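Below are two complexes that have subunit A in common, paired first with subunit B and then with subunit C.
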Partner chain A sequence: MHWRPMQKHWRVGGHLAVSHDFLGMGMYEKQVSKGHLPYCYLKVRLDFEEDVDPTDIDIIIFKHIVLQAVQSLFGEAASCTPIDVLKYRQTNREAILRVSSRYFTKLWASLTWYSCYSEQSCAFRVLQVSSHLMALAANSRQLSLA
Partner chain B sequence: MAAYMDLNMVSEEPANLFSKLKIAEKLGYDMVAINHVVEDMAVLASASKKEKKKKIVIPHPNEVKVDDAKLRTNSINVSGRPFKQCSRLSTIITDPSAAHRLHSPEVQLYDLIAVQPTSEKTFLLACKTLNVDIITIDVTQKLSYQIKRTLINLAMDRGLFFEIQYSPAIRDNSLRKYTISNAQQLVLMCKGKNVIVTSGCKRPIELRGPLDVANLGVMFGLTEAQAKAAVSTNCRAVLQHAEARRLTKSTIGVERISLPITVDAANGKQNDVSGEPKQKRAKIDDSCLLKDKEAVT
Partner chain C sequence: MAAPMKHAAPVGKLVFEKSNFNDKKSRHLQHITDHYFNYSVETMLPGCEFLPSDIQVPLTEVEAFVSYKVPLAEIIKPDFLQAFVKRGKLYMLSHGMQIDTQDCAALLPTGILILSLTKDSYEQLGLEGKVANFGDKKTCKYVIEINVKDHTFVPGKKRYERIKRCLTEHLQLTFDFLLTWCPGDAKVSPASVQCYFQCNGFLCNRLPIMRKQKDYEDLAIPVISSDNPTGEAESCCDSMEFYEWLGACATEVDLSATSLDSYTSSYICPAPRELKDRCVTWTSKGMLTCASIIDVLTKLRQIVQKMNLPWVSLTVHGFMDCPVSWGQREHSFYNNGDNLYTFVIFPNNDYWLYSAIGSKDVCV
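== the complex of A and B ==
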């Protein structure tokens, strides 16, 4: 908890902001940080170098690939943290992953390093990242301004 | 928001290179440097001593780059900034005596110049005296020299940047170990400043998005802000350093731009005489200024 001069903005998320008149010295803002939000959400797509039959990789194999990626970089200890595949679209191998925000960087790094599934070159493209699931509903980078 | 850049994209045949650039654009990069690799400058140096068999010709930077007009067609850039490319020449220096070749005019035509030292001696040389922009640390194997803070500080004072390549580790899992440990050691030594993270990719699938790379930077021990700077603002600083290198000891640069046809014809004649390309930046001196004034009037 700390004190800082009042500014004209309010934080959302893990912060609670309350204004006070502190000893008549003007407005102060009390900020209480509650830390991170519990989860981080990633929208990822698995791209292959050559065309792959979309039926080849179903949600179970996808989850297996994600776990394999984490395990190869960080080992058993990190791969036993809960990583959930909330939604999976098989046609373009796009998924929404949920992970505790503590392991978010680790998961992202292991997805980045992942490069090969059953001797086929592949890559995870991280499309969107947020601590609010709702934020993945729209992607401002794909809006067409026609 | 600063532009994201990847300052190392290995040059190859145009079709492949073009597909790589398109992928880079799709992933959100605003600029890439196309890297022409000269394995060893020593070969070049000896070639001048009548060993013509071995002679390696350094191509003009424009030959290395992709045609600009072709790049601009089907552009999918939503940010409104055009996707840009620049040229880069990199070399491995094993022999300090061959390093003077870096000052030759055909090398200096390139936008960026990078060296990869292989020993304590050449690392010292690169940090202390060489007129380059980037020092590449070969992170894929055990370093044959020790990275010392005194040398790093010397290089940082001169505005040089240290490069970490991530694609070799993506290509081959066994290289990951050394990549991570060497990168962490480097980051520890230079306190996260003056580091750029580049791809060095050979195939488009080895390329990763700029924010993915920034996240890798966090794994290498950079803070979040530093990691983001390693793919954006630091790269811009490299480009500015390169600009400053070409305009040494001057405050104004004179650049020929394409003028309307009537003036261009007069200009063209002069170009033939001087034999220098139009776009080359001239070092400022009196004669040059006069020449350009004449050309305009």
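== the complex of A and C ==
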């Protein structure tokens, strides 16, 4: 991964430079990225209108559905875009997708428009979106008070 | 998708800092204590065969509560302010309200009551506030800040009476609150606040803390060097790739099955990497106090040196629907409500600190 923030601000050494050099410690460094980070991550779930056997859709088919969604809205060339299914849970068809942040909006649009797989009505639910994979590890909106 | 959307709005911001714990000007403690509302804490200990028993103790001792349907007028009562707000650190956060479309409230330990209101509520309430950074004309939100610790904020004073009248007569704002209280006097129990609400006729229950532990065997971990976060030398990995890998572990992505030419995913553990026989991660979720996180950090610093581990990580997630991220910096939910930070702690007392926030939030 080649990380190239759009706007970055370096403050190397800063107020600590003299004392750190003297003590042989590392320098203080700060890097702020306000622009696009390289990837965006989406936690999505594929819901069907009618009950579907969970074993019917494995990770290969799921990836195929995602590419089909992209292809149906943005055409053949779009299927060349790298989209990674980082994690897939077959029981509820929940997945974490990774896509370059430049294509993120188009992927989201494609998933929203997708509505039918092998003549069965379905819909993608986008549960969580972030430019940090770490952020998908917790969702405070799911806090249970039980 | 052939034509990328270069000008689409960014989804989030990331701040990376590298410093040393022994540095007098290091702001690691300030960073933790300013992040008032903590939902989840996760640590990762690579090369550790078992989880040290005492590390979880600070988090198990946290006493958090949830109090249902509490009117805001109840919080500004002089008895409550005197007993809890002025004699300790009280953290209160509205629960079940989504900050992008609904009213939210938070009481900070500094005594600032923050209301993040929709336009309708704001106009009905009639208190002076300011337009929030977040939102457009349709989804406009307003932020009201009230200092309840102020010595002039007492019954009989004009401002107090006006706020009381607005909260009782104009608009009776009522929330379910998550709360913790750290009393200033060690002899006083933090559960006193639960008693107070129960005695005043509110349902107030203990908020359970969910714990989860995961053990890895034969896990490939990236090699990192505290001195070289940009990964310029080929002997160590870039800090941003490492952060993504930490995220992959936290979300339980199975890295053993993927390869670069896989159909489903091209993501693999960044190079250079080394194989560790054992690796332990554990997570606590609930409402956790800053003091308990500082305790965990202190214990992790001891462990990384005592057990000779290459590094350990500590990740803290905030609440998505909290009106503030760090200090009184405004927080909102646009694509996401990210406000989280990760410490990577090295045996030589160096640390890397990643702070991730939403695209519309004010930078740390």
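Please note the rule applied: the second predicted complex is superposed on the first by the 110 of 146 C-alpha atoms of A that agree within 3 Å, B and C clash if a C-alpha of one lies under 4 Å from a C-alpha of the other, contacts with A are read in each partner's own complex, and residues count from 1 in each chain.
What we mean here is this: a residue touches a chain if its C-beta (ideal position, glycine included) is under 8 Å from a C-beta of that chain, and two chains touch if they have at least 3 such contacts.
All values reported here derive from a predicted model rather than from experimental measurement.
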Touching partner for A:R125 - first (subunit B), second (subunit C), both, neither: first
Touching partner for A:N139 - first (subunit B), second (subunit C), both, neither: second
Subunit A: partner with more touched residues, subunit B or subunit C: C
Which of subunit B and subunit C A:L37 touches, first, second, both or neither: second
First (subunit B), second (subunit C), both or neither touched by A:D84: second
Touching partner for A:T105 - first (subunit B), second (subunit C), both, neither: both
Overlap of the subunit B and subunit C footprints on subunit A, listed as residue numbers: 105, 129, 141, 143, 145
Subunit B partner contacts - residues on subunit A that touch it in the complex: 47-49, 72-73, 105, 108-109, 111-113, 115-116, 121-123, 125-126, 129, 141, 143, 145
Subunit C-facing residues of subunit A, complex: 1, 3, 6, 15-16, 19-20, 25-41, 59-60, 63, 70, 74-75, 77-78, 80-82, 84-88, 96, 98, 100-107, 110, 128-141, 143-146
Touching residues (chain side subunit B, partner subunit A) in the complex: 27-28, 78, 169-171, 173, 176, 203-209, 211-213, 215-216, 218-219
Complex interface listing, subunit C residues touching subunit A: 1-2, 4-6, 8, 10-20, 22-25, 39-40, 42, 66, 95, 98, 205, 207-208, 210, 226-227, 229, 238, 240-241, 243-244, 246-248, 250-254, 263-267, 270, 283, 285-286, 315, 317-321, 335-338, 340, 342, 350, 354, 356, 363
